[in-house]
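Structures are listed in the sections that come next.
You will see chain A twice below: alongside chain B first, and alongside chain C after that.
Here is the complex of A and B:
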């Protein structure tokens, strides 16, 4: 199954997003393009889960699983699925269940689906960590079934929750998200503020307030809770400036303020997230290679 | 056509039918009416046979309130909630869904009709001719429900169709109460309606003509289903 990039961006392009059996892809697609992305999947023979409820509110989870299992003539067993996905209450009608419990039905539906190509659109928006663990469980099983999984996320951090290698689609087309390390600029010595640009203003941000830095499209973005600024620097030089302030390069395109780190979550064998201590509990990708080092740094902090 | 899918839909919709008060009460309406009719009959001291108009109207209520409105509501609800999104991978699957749903409403219609008729307990009701006329009339109402269900976008819009269809096709014999002149053109036209054919057959006056007219109604309603299918396919 191939997805033509030009259908998403609206610009002529030869690029294609190739869905291969037993392989998964994670793509970051900006919010503006997500709609044309889901539009391009319409009637394309892929099974799309976009998070919108598509079940019967009068029926309970068990009836749903049983129904889908029969519909797709799947060999999986209802009782096993209920157990695997930690469904505690299989006999309450969906209208009385909360969103996160119903979300599990999407994962189960994907496993039961007769379609080989499964697409999840923004599966990590408004979800709980338990469900992300279940998502990874589902992903592993889908791969064992020989199916193909595509995760489209509007935020880069979310794409990294799905897997360590991520692609992105923007107006220009399809790219692989790569390291942005141009070894230049010397450390500026000790600084307490950092210079950022927001439209026509130049703002000086107190370093302690920064939660994390991310690099996208060759630009470095500073994240301060609700605000996001562009920084006139490379991630490499920003890192070297900030290391002494307790910042750590936890991923090719992320530098995190260790003072703001709340916890580290292991989603699967090679996908980790650093959780920021803020109301959104932002999830920052953590490279496998840095998993041990960041723990040492956090302990010594 | 895929039997396992049809049965999956049948089982799921049977459970939904039982939990949906709007659909479930529709099965009880004809039964309550039958109780009411049988009491009135006793109260008026009417001896012997129940007039065929009453039995005809009862069948009309069963068909319009159960088979017609239920199948339309069930399909409309799927349209409104978009619950079939992931399931409709090929055009053939919609036929499985409709057949599965039709099985549920047919079962409910049989239960409702048999229960209502048993309460009144007329003689010579279950003759072969009458059963055929009931099947054909039921098929007409089922097709109408499927056709309109495929077209409507929400459950709320179904009520726009339920009342007129119920009065025109379900309660046809009541026209004799509105128009007393038996030579009126309106009555002449009404006598070609499906419920009248069923009543003529029930009275024992049924010939080939009544069955031909019923078959024609079924054919027309089937055309409605085909039109609705095409309209839906083009909309997607």
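Here is the complex of A and C:
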């Protein structure tokens, strides 16, 4: 199954996103292109899971699973699926269940689906960590079934939750997400504030307020809670400048303030996230190679 | 045709019937009406008037065969649940067949129960059964047609009520004492329930011809609705 990039960007392009059996892809697509991405999948023979799960509110989870199992004539057993996905209340109607419990039906639906190509759009928005674990469980089973999975996320950090290697679609086309390291700039000496741009203003941000820095499209973005600013520097230069303030390069495209780290979560064998201590509990990708080192640093902090 | 998908639809709809209060009320409506008509005072030893029995039959057909699929499809269209597993025309057809089978079975059961309550089983004959089956499919088609096109549950209520009053309860026209040749009587005479009455009164081949025309017309309407709905899946 191939997805033509020109259908998403609206610009002439020969590029294609290729979905292959037993393989998964994660791609970051800006919010404004998600609609055209979703449109490009219409009638393309893929099973798309996006937005709010839509199920029959009067029926319970067990009836839904049994119905889907019958519809797709799947050999999987309802009782096993209920157990695997930690469904504690299978007999209450969906109208009385919360969203996170209903979201599990999407994962089960993907496993039961007769379609070989499965696409999830923004599956980690407004979800809980337990469901992200279940998502990875589902992903593993989909791969065992020989299906292909594509995760499209509007936020780069969400794409990294799905898997360590991530692609990106923007108006220029399809790219592999790589670091934008550039060591040309000399690191400054010890500083307590950092200069950032916001439209026509130059703002000086107190370093200890910074949660994390991310590199995207050649720019470095500085995240402070709900605010995001562009920094006039490279990620490597910023890293050198901030290391002494307790910052750590946890991923090729991310530098995190260790003082703001709440926990580290292992989603699968190779997929980790650093959870920031903020109301959104932002999930920052953590490279496999940095998994032990960051723990040592956090202990010694 | 996919037998698994048809069976799955019957499984889901059956559970939906049991948890949906609106459907439960529709299921109770014809037997309740039969009960009320059955209590009408009449001379000892006399049977209930045929018109009342056909009003109950028409109500059963329009409440069950039309309103149930109409309401379920309208709700699915409004909440987007039709797209849960229906992504192609073939999926839509499998779901439609499953829903139709269950609806026709439920309609038959409710009709028999209603006839027993009203003491009207005496009208049952081979000819009536053929006419009733054709009328049930016609009413079902009307429900499928309007249901597939209804975007909101509120509009489905309007469609359902119109079919119930104008096509289901048409024999009531007989009680209005309208003069022979009246336009209302003439139009009512072309409706499916009237054809069943005509069959019961041995009116020859004409009622069968009219039912066949209704059948062809409603099948065509369902076909158009399926094509139209497939485009928005």
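We take it that the second predicted complex is superposed on the first by the 301 of 301 C-alpha atoms of A that agree within 3 Å, B and C clash if a C-alpha of one lies under 4 Å from a C-alpha of the other, contacts with A are read in each partner's own complex, and residues count from 1 in each chain.
Basically, a contact is a pair of C-beta atoms (placed from the backbone, for glycine too) under 8 Å apart; a residue touches a chain by one contact, two chains touch by 3 or more.
Keep in mind it's a predicted model, so treat the numbers as computed, not measured.
Asks: On chain A, do chain B and chain C fit together or clash when superposed?
Replies: Clash: chain B and chain C overlap once superposed on chain A.
Asks: Tell me which partner A:252 touches in the superposition: chain B (first), chain C (second), both or neither.
Replies: neither
Asks: For A:139, select first, second, both or neither according to whether it touches chain B, chain C, the two together, or no partner.
Replies: neither
Asks: Counting residues of chain A touched by each partner, does chain B or chain C come out ahead?
Replies: B
Asks: Just chain B (first), just chain C (second), both, or neither: which does A:70 touch?
Replies: Both: A:70 reaches chain B and chain C.
Asks: A:147 contacts which: chain B (first), chain C (second), both, neither?
Replies: Neither partner.
Asks: First (chain B), second (chain C), both or neither: which does A:93 touch?
Replies: After superposing on A, A:93 lies in contact with both chain B and chain C.
Asks: Quick check on the output: what are the common chain A residues between the chain B footprint and the chain C footprint?
Replies: On chain A, the overlap between the chain B and chain C contacts is residues 47, 54-56, 58-59, 63, 66-68, 70-71, 73, 93.
Asks: Mind listing the chain C positions that touch chain A in their complex?
Replies: Residues 4-5, 7-9, 11-12, 15-16, 19-20, 79-81, 83-85, 87 of chain C touch chain A in their complex.
Asks: In the complex of these two chains, what residues of chain B are touching chain A?
Replies: That would be residues 4-5, 7-9, 11-12, 15-16, 19-20, 81-83, 85-87, 89, 236 of chain B.
Asks: Enumerate the contact residues on chain A facing chain B in the complex.
Replies: Going through chain A, the ones touching chain B are 43, 45, 47-49, 52-56, 58-59, 63, 66-68, 70-71, 73, 93, 109, 113-115.
Asks: Show which residues of chain A lie in contact with chain C when the two form their complex.
Replies: 47, 54-59, 63, 66-68, 70-73, 93
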